[in-house]
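The structure follows.
Each chain carries a letter (A, B, C and D) given by its place in the written order, and its residues are counted from 1.
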Amino acid sequence: MSETLPQEGGVMLPGGPGEAMSVEIRDRSLVTQEMNLNIGPQHPATHGVLRVVIDLDGEVIVRARPVIGYMHRGFEKLAEVRDYRQIIALVNRHDWISAFCNELGVALAVERLMELEVPTRAQWIRVLMGEWNRILNHLMFIGSFGLELGAITPVFFSFREREDIQAFLESATGGRLHFTYCRVGGLKEDLPRGFLDASRQMAQTMRSRNDEYRQLLLGNEIFHARTKGVGALAPDVAIDYGVTGPTLHATGVAEDTRLTEPYCVYDQLDVSVPVGTNGDSYDRFVVLLDRIDASLDLIEQVHEGLPGGPVNLKMPKTVKAPKGAVYVRTENPLGQGGYYLVSDGGKTPWRMRMRTPSFSNIQMVPELLEGSLLSDMIAILGSVYFVVGDVDR
Amino acid sequence: MPTVRSSETPPPATRLAPEAIGALLAERLPEAIVATTVAHGQLTVDVVPEHLPRVAALCKREKALGMDFFDMMAGVDADEDGFSVVTRLYSTRHRHEVLLRALAEGGREAPRLPTLTGVYRGANWHEREAYDMYGITFEGHPGLEPRILTVENFEGWPLRKDFLLTTREIKPWPGEKVPKPKEEPATSDEAAQPADEGPSEEERAAAKKAKAERAKQKAAEMRAKKRAQREAEAGGGATASGGASESGKAGDGAGDEPEEGGSA
Amino acid sequence: MATSVFALEPLWLALLLQALAAVLLFLIGALVVGYLEHKVLAHMQDRLGPMEAIWHGIGQLPADGLKFLQKEDIIPTAADRWVFALAPAVAVVPGVVIIAVLPFGPGLWLTDLDAGIFFALAASGVTVLGTLMAGWSSANKFSLMGGLRGAAQLISYELPLVLAAAAIVIQAGTLSLPGIVEAQHGFTLFGVPMIYGVPHIIGLGLFFVAALAELSRPPFDMPIADSELIAGHMTEYTGMRYAFFMLSEYAGMVILSALATVLFLGGWYPWPGVGLPEGAAGMVLGFVITFAKILVLSAIMVWLRATFPRMREDQLQRLSWSVLIPLGLLNVVLVATAKVWF
Amino acid sequence: MAAPSLPGSGLLKGLRVTLKTMLSPATTAQYPHVKPELPPRTRGVIALMEENCTVCMLCAKECPDWCIYIDSSKETVPVEGGRTRTRNVLDRFAIDFALCMYCGICVEVCPFDALFWSPEFEYAEVDIRELTHEKDRLRAWMDTVPPPPPLEEGAVPPAEIEAGIAAARKEAEEAAAKAKSVAEGGAAAEAQGPQIDEELFARLVAEGTPERAARAKAKAAFVKAQKQRAAEGGAPTAPAQGEAKAGEAEAQGPQIDEELFARLVAEGTPERAARAKAKAAFVKAQKRREREEEGGQ
């Protein structure tokens, strides 16, 4: 139990260290004792080991403080003793559902530092894999968001699709989750025969399945009641906190790296970024569904335009990035991934900073939680889209 | 839902070249800028540490720059110079960026920098992380403790280069073995041996030992310093330090603070 | 009207048989509905559900029961031991008690109370006590919130349930459940034999929605909302005690479906005006028909669970007090007026 | 979004989706009863072609988890008429799959085609120590390694494979020509390829074995031949000629246990598996022979 009762007349409440905040007490006649509740680190709604310490007044959250670090594995330190190929095998593990996009970011950073021009075919395939990975990621969150609101079916549907997608991605990469397919200077190897056919077919299936999700949830009146107007995020607050990805797009800001600073061959493709208007849970969810369609558009463009040729540059046995520093950002499924690579010329990086979207997104969460209901907290946490491994690294 | 297409959003004309941003910053705040470098198409501005918030504020508020987006902050071990912090700012409107690099004052012993939380709310956790990983104190930050990623009673600063990565220390590297002669010592004959043999095994072992020794010493020093600091705090004025350690994480101060009660 | 098959001499034999039958019906009903839920839910989610136990997973629930038996019985240190231990029993007892008055076929009821419907609804209200006890005694904040939510929800949904039933009572002119079935058997709407469910469509809807809320079934499962409150009042329970709660939920589905069958769907008669053969054949047929109707209603409950997200606590209360209860009152007035009119 | 429709229509739409799903067959795969079909690139378990390993330690060096343990020793091989040669002998090769992160870097860096991925994944153990697979077990996985899949259209195969295939074709043609000439009683031209057993390689490629697997097998045959020769105490022939001869003999002779192979194929075992098994049987038999010989001396 919290020992601090709101004082008469005072609206400044001492929060956790560093996060004291101003709270307005709306109904003075009904000031009750607050209850301190730990959501997590083991809780069904936190997708892993996020912990949110909340103070409740009845079912209204007066204070919320995310506590992170339960899954900190020191990726940045580990990267400092690994060469670049080993790092690629490592970075697809902190955000395990955006594996390929993370690999790509590291490869791009090293390539930019070495000033390599990667073969075109490799770049197209990178886009293809990245977009499939984006769909995989979004499916996961579509399922889990439904689950958090109490609709248990979407998660089974989305995992059915995930299985299908993973199956053919496995035929190319050998992995279902940790693809380890990207390499500095290209890709591990070319696609196996039949991959593009499977990809085409899956893209078609996926479109119809996406409509199924819409029918299942989007029209549902209960779903509307649970999500519309819940956890509305203002665009300027989002930008100030460095929030990116679908969470930012839902506020109406189309800041997407593929659009504003295209990498690979995104500048040759017609990239569409669905944006929302209100920034609430509903918009965030709709943006997620629409992004699947947008990714499918891109995938179809890749099917059309994939050129022939090699997928690899001739690389020396040990890749050594020249001395220097570079920052590369990519649009990961959950938002902007940033890779700040400092090299001292050796075969391992001097410093490898990973800017992960989930970290910034979770930092913003108290803004949305305070003043909302406990039940809404689930709708908010489920729609801010984060992976705890990505927060803690 | 509305959709924004790449074909409809060409790069804005207000986008500034990296050199132009550097020139603008140098012109507006000459006393705050040490150097500007453009490498790989990216602008890195070396900033005088105490002016870092001013530069950031200028980047945010100056209309032509309009860098409203706080992207990330990265501590970097700068060897004997101490630690530097690289901050990336980005403008969602103009789509240009800048990397601000500031070398923390106080060398390796007590690195400190002014906070950016007054300019960007998003800097809060990034600064906490830099503190957690490198021990860089951000003056004016609303609360760097409890440590954000490591456990509260963690000792040492994990991303500093002198902090040993235990997984690589406790186990010998299986890759350094070489085929040992079986029957008789091999003559000068060329065998299919690994290409880079490097220093001999003893040399390597000795080097490792020395390294471990150094690290141990460093850790001991750090502990001693910390203890001294704590004692000073406890002796001087235990006013606010108690409140700052109020933390939600379980096991806070469970193991490492037996002497605190004694000294108080 | 037929008398109960359990009206035997001597009395002790009748009592013994009745008790045995109540427990058996309770268990079998719960197991059958549980299996139904497993399988229907699975297929709605593109899965197969349990497939290994015996044949198509038919032995899954008994196997689960055995497993529950082996589990350690954990009572939290801070828990109020007696209340904690008693709560699952309190949750189960009303179910067994209500079975005593439910008619499953011509003569297939344990006892025919004059105030059967009144008794059933009153007893079903006792379940809330189990929820509240469990929530309070667990010494867990999630349990407490679950318990409180449960109590608030069950109390506010008791009213629409009673109002919907009251309209039927007015229509049938009796409180006895077999009496209602017989009255419904003779009911005609503009000369066509009709179940009460058609003219009482509002009442049926009210009753069904309120029943879902009473049972804390999705979309009204806030008291046990797993993504918010872990498992609500059941959070701290393990082993058999937990199984008791699950059992009472499934049995609750059977009971409320059976009540709805009696009140709105014509009970053991296939259709009002269509009779059953006399004797044992009629009994078996009646039992089968009743159970089929129960299973259909249960399947609909499962269907809703598979499809809908959960409502929010305040939305649920608003729905009850500002929609269902006025609607229920209106329904009673309409039915009473119609009854007087015709 | 559509225009505001009847309240509850969204609920009904959702109900329709679930009902439709219920009426269509489920997608569940009944795993232990139905095994999944995994693509050849699946990273299931690492197989070791022991004969190809030259103890270059690259895999152990590149392994990010340090989970490959190699012990080796040097062995001197006396060569008649020349200096003695030293050879690396693999004493231990173990992969700790409890530590392995399945990144595949070891397979990728191996310059001698000694490591392969196999899609097999059912090797869970009760005791974690059992997850350290030693040389024999890793060699046994080799039987389950599928051939690599052909590449998608537009792909450019890596240069060395391209060259390998061209060389194999040429070799096959040459071999055919040679066989012809042998039949005609012409001079038998020795294949000049001390690195791999070209004959076998050509034969396998001609049979349709994928190039990489064929090369690995051919190399294995060659190494084995060499080993056998060493075991025999060094046949008094000129080195190059002797090697080639022994290799040839190997290739033509019982490189695999033909009998077993024929039987397995007749029984309906897929050819690849049959060959692998037959080979394993042969290797075992040969090892036994070698041991016996050693014991005899």
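Brief remarks on what is shown
The rule is short, and it goes like this: contacts are C-beta pairs under 8 Å (C-beta built on N, C-alpha and C of every residue); 3 or more make two chains touch, one makes a residue touch a chain.
This one's a predicted model, so the numbers in the text were calculated from it and none came from an experiment.
Central chain (C-alpha centroid nearest the global protein C-alpha centroid): A. The greatest centre-to-centre distance from subunit A, using averaged C-alpha positions, is reached by C. The largest tally of C-beta contacts between two chains is found for A-B.
In this assembly, the C-alpha centroid of subunit A lies 23 Å from the C-alpha centroid of subunit B.
Subunit C and subunit D have Cα centroids separated by 63 Å. With centres taken as mean Cα positions, subunit C sits 61 Å from subunit B. Here the CA centre of subunit B is 46 Å from the CA centre of subunit D. Looking at subunit C, residues 44-47, 306-308 sit in touch with two or more other chains. Counting partners per residue, subunit A has 153, 157, 160, 216-217, 220, 222-223 as the residues that reach two or more other chains. The set of subunit D residues that touch two or more partner chains comprises 11, 14, 17-18, 21, 27, 62.
Pairwise, the chains that touch each other are A-B, A-C, A-D, B-D, C-D. By the touch criterion given at the top, residues 11, 14-15, 17-19, 21-22, 24, 26-28, 30 of subunit D touch subunit C in their complex.
Across the interface of their complex, subunit C is touched by residues 35, 37, 43-45, 59, 146-153, 156-157, 160, 216-217, 220, 222-223, 225-226, 373-378, 382 of subunit A.
Residue ranges of subunit D in contact with subunit B, taken from their complex: 54-58, 60-63, 66-76, 83-89. Every residue of subunit B that touches subunit A in the complex is listed here, in rising order: 1-7, 9, 11, 39-40, 42, 44, 68-72, 74-77, 86, 88, 92, 95, 97, 99, 120-122, 124-125, 128, 133, 141-151, 158-159, 163, 165, 168, 243-249. By the touch criterion given at the top, residues 82-83, 85-86, 89-90, 93, 121, 153, 157, 160, 163, 167, 170-175, 178, 180, 188-196, 212, 215-224, 306-312 of subunit A touch subunit D in their complex.
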